[in-house]
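First chain written, first letter: the chains are A, B, C and D, and each begins at residue 1.
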């Protein structure tokens, strides 16, 4: 059987060898294990032996020639049966050469870039927090004033500290702008409006206030707060946040209540667990909240905890408003001015105190039908103020 | 308590509710809500402050009397006088 | 007089706690025996095993010739043979003579044999500096051993750990190295009543805090607690984490802590380069990068063979003062020294 | 040096010894070829010429005795009973290897057969053998531990520490020095002030004898006697097997340290030649017997290679398995 005798690999790191001299000539017989030739390796001369009994037919490589591992050296006529045909060796992996010589350009050590513009040093945590709050870096850099910006600075800025310096107000305007732009960009809003007969609620508040001192006086808006909070516990998809591609329902209703800042700007700190608190408690908390906003002592947690927001321009005499959702929330309720308005009941024309409620909600989470059910629930709750 | 004392006291209460108000520049007859961008909570806080400072009860219907500084002064003065006589 | 374990309330030293652990192990399991230089007649180079020879006899309290490689290897062989040996290497410095047995046999046999063999061996080593024993007797190489897959590395810093870590180690089917810091043998206190066993898997928050996380092990724990007291007076609340296990590292505990405090300082008695502190900080950067308000910092032994002279040794070693300085720098937002 | 006993040799036993030596020789030659074809990688240390030591030393042992060998341990593994298929698969690095492809040529293990492995650190196995014997003694088991090592190990501290410890504690360890005259490239006389290994054992009060490592019958009888005595008195012993390796220390070794004439001289008195001459002279083995034994060995190796070729690789996802115990001890 005609077989090729290949240069064997004698070491894991042996790439090839130079044939120095043949120990057998064509026609010679050779026994298994008998040396056939001597080769020169990096470690010295080594005899390589035949794996089989047989006869040398032809020498394929002249002494002095360098050949890679696996290269045919001779042809043998091998006696059948003694030949141990092992499956061919796996393709020889390209020998790993030493570190490729670096291209000339790479060897040049990079010249130090000219002193980088002194960018504001900002911690990773602050950077992430700013993103969460929709604060543009430009606003922060202005407000940073050259020092290191940490989470605390970001939250302080985002809490619209009272409009002290003008650049703080500019920064705040930039913040609101950025947040609203992001909301418009990312959230598919749908809008609903609904007129509500506020008369029963108004009468209830008037009777309540008449029986209480000015300190315990209620504002009509607090009833709306409670009604909205309760409705959000009954209809799915309005209290919670949307991030990482999906809606995370909140187990509770922390109702952000929009409070206009003196001199411009807006903040909506949360009345925590509004759905569980009675109206007088909500009034006391809301009153304290406004006082803290006026004095600029907002705690950062307070203003990021809101799971739904209620905004009202009633005081400014606007009938209907179409608000923008405050991300990462998924809905916002607008309350217009409560005004005397013609109202038809049992085909009779009367005059009622009418409130126009509006809802802006995230179409990724809910659709018009449940939005409508939500507003009607608020209206039904306001129709029975005793139950709030 | 005479009219002047009531005046200065009321100014102090106003800046308590809205720290950014400049007491000297208050127009006595102009509506406070428009002049200082008061919302309904600010108005309530002012009413409560007046009630506690002067020890007089302010019903919801009296709210209109506190609409501007001058009428507020007059309202407080009257209430204090009627209190002394009863 | 039968040896009744001391009343938990009694004040005991760290070495007494370790001796009690040895006694309990020897009584509980006939497969357990102690082997090491001068552990028998001499009573242990740090008097840890004093009295055990008289109580348990020369078969189970075996003094060995100074042949670390041989008797550590023999410990591995005996463990393979079905015993539960406790080998004491007088100090980590001499473990270098047995490094081949520990790394090439103890740590490797299970994996290399395809899971057929495991080595239920406990090796106790005294470690660390601070006693002016100079370079050859002051090494702190826990970080080296924590690098080796196949070993479990535990560091008892408190009395409870000194008392109960040995039991947990003996119950483990894999080789466990317990590093007892030289300086702690004299630590005294009372064992917490009610603690009957400890695990080898979790770090412990020894002092909760809010503003920075100090991550450490062994003797340095006490330097961190001192530093935390000083910092508290400057209303800086430092959280102190005792790693307890260096392999596996309980990263969940320190990552969670750093996410809260947003600042980390690692205190490691090893030399900085390629040390355990380098590993811990890498993991913090990998997993809590966006939660950081300042680059993590570390306080390590100066990269010198530990000097003999006390003032030099003290300067070389981590200290409470240096920890406080570094924490202040971190809180100011800059890098550490 | 003690040679073969005069006791009459029984045919069936003689052929069994010859069969084992041929199995080793054929296996090692095939490994040489497979390495050349890059099927086997890493280090490879072949046992040609020393077959008589493994066969003679392991044949008298019980299943419950423990064995600690070195990185030149293919022969020991096969004779101890680890299937040739699993050894070859291990040399291929396959999952079906006797160490799941993790040990390779130098780290063959078999816990069932108490084969505590090859060990790539010279003399690294000696302390372990001492420990295994210590365990046997503490558990009052009559097992002996046989520990193989080369003349190179004699220079290691662990040799002296282990012999001393075994003698000091009277432990049943049979130290077998496979003295093949060369520690890789260093001849014994160039490494040892005292080249008589048995003299070194005497320093630790360990009974020692030199044995003709090329004569499997001499090896077998020396080991049989030593082991029998050891089971009685538990004291350690040392046998210096004077032998020779026909192949290089490992694959990539031009053997500059010795000349071909010396190799050929030893090949003339190789273990297989020595036994076959004796058996033919005494009529216990015919040429057909020899050819059959050799053919059987070749068939067995072919089957082992096929098994290794088709055996699966370990899943990379299992890389870290067994670093720590999966079953509780």
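Note that a contact is a pair of C-beta atoms (placed from the backbone, for glycine too) under 8 Å apart; a residue touches a chain by one contact, two chains touch by 3 or more.
Bear in mind the structure is a predicted one, so any value in this text is a computation, not a measurement.
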Pair of chains joined by the greatest number of C-beta pairs in contact
C-D
What's the distance between the Cα centroids of chain A and chain C, rounded to whole Å?
40
Quick check: how many Å separate the C-alpha centres of chain B and chain D?
108
Distance between chain B and chain C based on Cα centroids, please, to the nearest Å.
72
On the basis of the stated criterion, which chains touch which? Give every pair.
A-B, A-C, A-D, C-D
Going by the contact rule at the top, pick out the chain D residues touching chain A in the complex.
29-30, 32-39, 41-42, 251-254, 256, 298, 302, 305, 309
Sort out for me which residues of chain A touch chain C in the complex.
121, 123-128, 148, 150-151
Quick check on the complex: what are the chain B residues that touch chain A?
17-20, 33, 36-37, 39-42, 44-45, 47-48, 51-52, 57-60
So in the complex, which bits of chain A are touching chain D?
6, 8-14, 32-33, 41, 43-46, 48-49, 51, 69-70, 84, 86-87, 89-90, 92
Residue positions on chain D within touch of chain C in the complex are 66, 97-103, 107, 109-111, 116-117, 119-121, 124, 126-136, 138-139, 157-158, 161-162, 164-165, 168, 320-329
